[in-house]
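You will see subunit A twice below: alongside subunit B first, and alongside subunit C after that.
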Partner chain A sequence: MRQGKYPFIVGFLAAPVLLYVVFVISPYVQAFQISMTNWKGISANPQFIGLENFARLFEDEIFWAAVRHHGVLLLVMPLVTIVIALFFAFLLNLSGGQRDGRMTGIWGSKVYRVIFFLPQVLAVAIVGVLFQAIYRPDGTGVINGLLGKIGVEPVGWLIDPDIALLSIIAVMVWQAVGFYVVLFSAGMSSIPKDVFEAAALDGAGRFTLFFRITIPLLWDTMQVAWIYLGIAAFDAFALVQVLSVDRGGPDNSTTVLPMEIWRTAFNFSKFGYASAMGVALFFMTITFAALTLRVTRRERLEF
Partner chain B sequence: MSTSASTPGDITRRQMLRRIGMTALIAGPGAGMLTACATGGGPAPAASAAPSASGAVSAANPFGVAADAPLEVVIFKGGLGDSYATEVHEPLYKKAFPQAQIKHVATQQIAQTLQPRFAGGDVPDMIANSGTDLMDNGALQQEGQLLELTELWDAPSIDDPGKKVRDMVAPGTIESGLIGGKPYLMNYVFSAYGLWYDSALFEKNGWTPPKTFDEFKTFAETAKAAGVTPFAYAGKNASYYAYWMILISAAKIEGNQILIDVDNLVDGVWQRDAMKQSATAWAEIAKYMDKSFEGLIHTEVQLRQNQGKIALYPSGSWLENEQKEQTPETFKYALTPTPSVTASDKMPFEAIRAAAGEAYIVPAKAKNPKGGLEYLRIMLSREGARGFTEKSGNITVVTGAADGLELSPGNASLSAAQTAAGQNIVTFSSFENWYKEFETELRKQTNALMFGRISADEFCEKMQKATDKTKADSSITKQERTV
Partner chain C sequence: MTTDTAHKPDATRRTAPARAGRRVRNPLGAFGVLAHVALLVWAILIIGPILWTFLSSFKTNTEIFGDAITLPASFGWDAWGRAWDKAHIGQYMLNTVLVVACSTAGTMLLGSMAAYVLARYTFPGNRLVYFLFVSGMTFPVFLALVPLFFVVKNLGLIDTHLGLILVYIAYSLPFTVFFLSAFFKTLPTSVAEAAMMDGCSHTRTFFQVMMPMAKPGLISITIFNILGQWNQYLLPIVLLSGNVEDKWVITQGVANISTNAGYEADWPGLFAALSMAIIPVMIIYIIFQRQIQSGLTSGAVK
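So, the complex of A and B:
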């Protein structure tokens, strides 16, 4: 096995690494270069202007609004998604008691698994269009139509600056939960059943099983989930683009960095400045991932 | 990528996780890529377009178009459709140059389609630069990507070789296409802006369109009592329809100079009385509009008007054609000017904004720019303009080209309104072409004003701040207009 290991690995990796360098790494490097120019994206004559674009970022209130929204997204979206997904995964896999010496989920869990995963298969643009109808602000919207039946005034899900961002976060959670249910299910099924048996023999209830056994043994999976969701929280472009009032409104209340990058580049023809925002976003993402890996580091159990 | 699978070899799960994390980290935010991939091969000097072969200059061929040079035409396929190009202008060009191959591209997203091509130096020969995602004409001009159209305006007209093309179009057409004082845009469609309503509905209810804002308020109460929203627009994507009304009213109070000053970023222009009065008046009327309109798009609101739920809708004369499919038989579009704000308005109630719009451009680095110019000259011929009106339902800047055509109710009303207005024409605004960032801010603040989140004073203050910011921003090239 050891013999010829490296040529084997290199043979497999060369093509993907090359593609990766050409299509991912090199554009990133180029973004750094463009961010120090005043390129308008139309002709190929950018002029080097040093760090002027970055200085501008500090005074740009829309940029800071977007950064704040990423902060909210980062706090709310992964947490809610993981809590809901863990709860569902536990119900589906472990909460039904034992049968034939295995932990099972509640009755009908296979059907639920499909239902939970369904939103994940939909393209995000389709989800956006669906939720346009669901969130429509007058009585013809799905939610407001139902609320109207019980005599509640229509709610401006996407037009009230106080709740617009939360409404968009709810869509992200709705779409993401299914995937993490499956991820956590896989994690749970890899936990040896003896552990549960032993705990059950010692008189542990579902509550204890969940908090004292399942979560600690699922820590690695949750860490991955946290990073993935955190990165998704730095995106949100498509949903904001499709759902929000005038792309990021009302009053900048839903705008996110990718949205502003897109607008600055393609509407305002300021590719240099847009790249500076992109570079800022890059550093935010990388800081987040590094912090998460560091903070959540724990002794792990081998089994 | 389930983490439950045991990993082969001596890669531990910890390392694996870390790698997954780092990979996702780099692949995750696609936004960085978005900005980066646009440069294509990087900022290498763009290949200058191959000098186009010229044909002989003659009376029939004033630009010297090479008869066999291929021509690429990009049309924004929006409210006007694209059949006017495929069925009228392109066949006319083909008739003049039978050997020329014409490539027709129709798109709703001009910028997304063409921006990479401009950056790469492979540009079409004629572009209808319109729609929400149009390319920034000011930026194109500054980068030397637009062909100056003086040659076109000075060329002999197809219909009457004794006259120049510039003499065949409505006054103000060429001026509306100036950037940096030179003509770069051919604004082709003659549009009138005002409040559109269903004359049949008004007749049935015995309503008349209001002539002053006091009448507007009385009318609003009446309409509301009848279960009809008196005035509405779509906040989600068409708040500019509302700021047009605010600007038009301001111009009626103070005269056209205020719009010229808005374009010229004059100090304090947004805090003049006329602007405040106009913003206050419109915000009053907007109170009758349900908050939910902020979350609707223009077609949703226009459909509600077709269903008789909205009385007055701010828009331009393309509206009737845009709604053709949804309009019931009984619905008759009509135009009324914006009501007068004060008794001492400089312009009478009848004044309307009528201006040339929908810019057509020829890229300077096109392969066949002469063909592009000739294509525009064909569009400005009587036959081309008439065909355009027949296919798109919109009147062009070519004077008298639509004479004798049977007009739709909307166009008939438009023509009556134009006659009534006479010389009282509210001028166009150029900041929409010049300063996109400023325009975006105006859209935002218009929604905030009209849906009651800020007062008229705050609105004026914020817009003045945006004006000052644009003026102070050295990265924005300033423009100037005198008329």
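So, the complex of A and C:
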């Protein structure tokens, strides 16, 4: 049956490759081209202006505000998420002590895992609308309503520029933790039981088990988590677009690059400038991923 | 375990069997209590907002603008009816089901075809095509946004479901191909060879022999794609941005109601719409939670 091989290969690859090249590859390539034009307005005739858009980006305050926010996101969001998720994963999988020579999780761990993962299946846009009501700045919001019961003044979660970004980060953490609990649980269950047995025999307590054994052996999974969360920190579009005041406000205190790209392109029709931001975002994401892989590289433990 | 890091204590001082004996059972000490409190608090943080949304859909506008922490006075379904008809949630839901059904089916068909060929056949350019697909996972969609809009527009597919479906398929291919080609490589070659020996064509071997064998992998990635495409927000607001409200998908519709709720002042309707968007996903999640958890995390644990 050799003759049929090439027609078969071509037949199977033609449609997916065509679709992929038209809708994915060609836009990515064109983006670099468009970023060097002054394309404004749907019908305008774009001209090549070299790196002028990028020079303008350097003086654009909103651009720098967005970059700063990515910095904050990148520092706070992955760290908080991973710490909480690791803690819960440990409780759910390993903290129940030993039973029949095996490490067990805490009582009810299956139910907790189902609940924790739930936000992950909800659309970010839906979650954004949900938290608009939770965060309302007066007693009608859930959090301020609760705070009111204990006599605390309402907090302007989303309208106070100092805390608006943190409020949004809190929602990202709320949604992400469950995913990483499940991810870390999978990692923990692949650690051989005899490692824990040996440690417990030697009298290692829960803290030793967690810091000296679990974390080192989970390093690969944590690295993956860090990269995933870092990439999410360069997105945040749907949440900022739906949840924040004035889409990135108040006073641009929550705006992010994807938000500015979308606004610049589809509200202001400055396609060249928006693409330049896209290119900047691309290089930031790539740099982050490459740096993370380099810095966190360790000798891989095989078991 | 081939390295020595974790084994050292085992070899050096195995002297405390008495202490190990004590921790065989699981006493609910101070640590256990604290652990349960922490887990319970987080569980409430997750359930609370969702439950509150459901309850708010039964409240009246006055109740919603009163104390946030009260139960509704009566349970009526008015707001749900309004959200379904007047706010077109029914229409958006139907649109989303249609789009996601077509795009997931398309993604699975085209993705598994490409993955199979790339995993099981050697031909010049195989690696090139594979890396072309896989590289798509590393680029931020926002980079492609402007040109993508014009590509779709120039094909006359802007503001159409077909355009959205094709774009969903194209952007789901990188991960689908990456995941499935790894999966096809793990399947034994002997069955396919036997089928070919019996005179089965390449195409028939794929559909009747390989596809059934790859079922676990296909299920995981199908769930992954359904959820990803159901929850997509950016692509619809860019590609269905014209005056085509009747074509909107659910995320777009709910986000838009939330912008309008302030003016039209139908807050219960908004919460009913939110509940309607959440409930089907929640039901599916509870039924398939095992597959969904493994499907969504399978990308990370190779």
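Odds and ends about this structure:
To be clear about the criterion, the second predicted complex is superposed on the first by the 278 of 303 C-alpha atoms of A that agree within 3 Å, B and C clash if a C-alpha of one lies under 4 Å from a C-alpha of the other, contacts with A are read in each partner's own complex, and residues count from 1 in each chain.
Definition applied: a contact is a pair of C-beta atoms (placed from the backbone, for glycine too) under 8 Å apart; a residue touches a chain by one contact, two chains touch by 3 or more.
On a predicted model such as this, the values are computed, not experimentally measured, just so you know.
Of the two partner chains, subunit C is the only one touched by A:Leu118; subunit B is not.
By the touch criterion defined above, A:Ile261 lies against subunit B and subunit C together after alignment on the C-alpha atoms of chain A. With both structures placed on the common chain, the touch criterion links A:Leu293 to subunit B but leaves subunit C unconnected. In the superposed model, A:Asn252 makes contact with subunit B only, not with subunit C.
In the superposed model, A:Leu130 makes contact with subunit C only, not with subunit B. Look at A:Gly156: by the touch rule set out above, it reaches subunit B but stays clear of subunit C. Of the two partners, subunit B and subunit C, it is C that touches more residues of subunit A.
When the shared chain is aligned, subunit C comes close enough to touch A:Ile213, but subunit B does not.
Where the contact sets of subunit A with subunit B and with subunit C meet, they give residues 23-28, 30-31, 34, 136, 183, 186-187, 221, 224, 228, 231, 234-235, 237, 257-258, 261-262, 265-266, 271, 274-275, 278-279, 281-282, 285-286, 289.
If you check the complex, the residues on subunit B that touch subunit A are 2-4, 13-14, 17-18, 20-22, 24-39, 42-46, 111-112, 115, 118-119, 121, 133, 135-136, 139-140, 142-145, 235-237, 239, 290-292, 294-296, 436-437, 440, 443-444, 447-448, 451, 453, 475.
Only residues 1, 4-6, 8-9, 11-13, 15-17, 19-20, 22-28, 30-31, 34, 84, 87-88, 91-92, 95-99, 104, 106-108, 112-126, 128-134, 136, 139-142, 144-146, 149, 174, 177-179, 182-183, 186-187, 192, 195, 198-204, 206, 213, 216-217, 221, 224-225, 228, 231, 234-235, 237-238, 241-242, 257-258, 261-262, 265-266, 271, 274-275, 278-279, 281-282, 285-286, 289, 299, 301-303 of subunit A touch subunit C when the two sit together in their complex.
Against subunit B, the residues of subunit A that register as touching in their complex are 23-28, 30-31, 34, 37-46, 135-138, 154, 156-159, 161, 183, 186-187, 189-190, 220-221, 223-224, 227-228, 231-232, 234-235, 237, 245-246, 249-252, 257-258, 261-263, 265-271, 273-275, 278-279, 281-282, 285-286, 289, 292-293, 300. Note for the complex: subunit C touches subunit A at residues 1-3, 5-7, 9-10, 13-17, 19-20, 23-27, 31-32, 35-36, 38-39, 42-43, 45-50, 52-53, 56, 64-69, 110-111, 113-114, 116-118, 121, 123, 129, 132-133, 136, 138-140, 142-149, 151-152, 166-167, 169-171, 173-174, 177, 196, 199, 201-203, 206, 227, 230-234, 238, 241, 250-252, 254-255, 257-258, 270-271, 274, 277-278, 281-282, 284-286, 289, 292-293, 296-297, 300-301.
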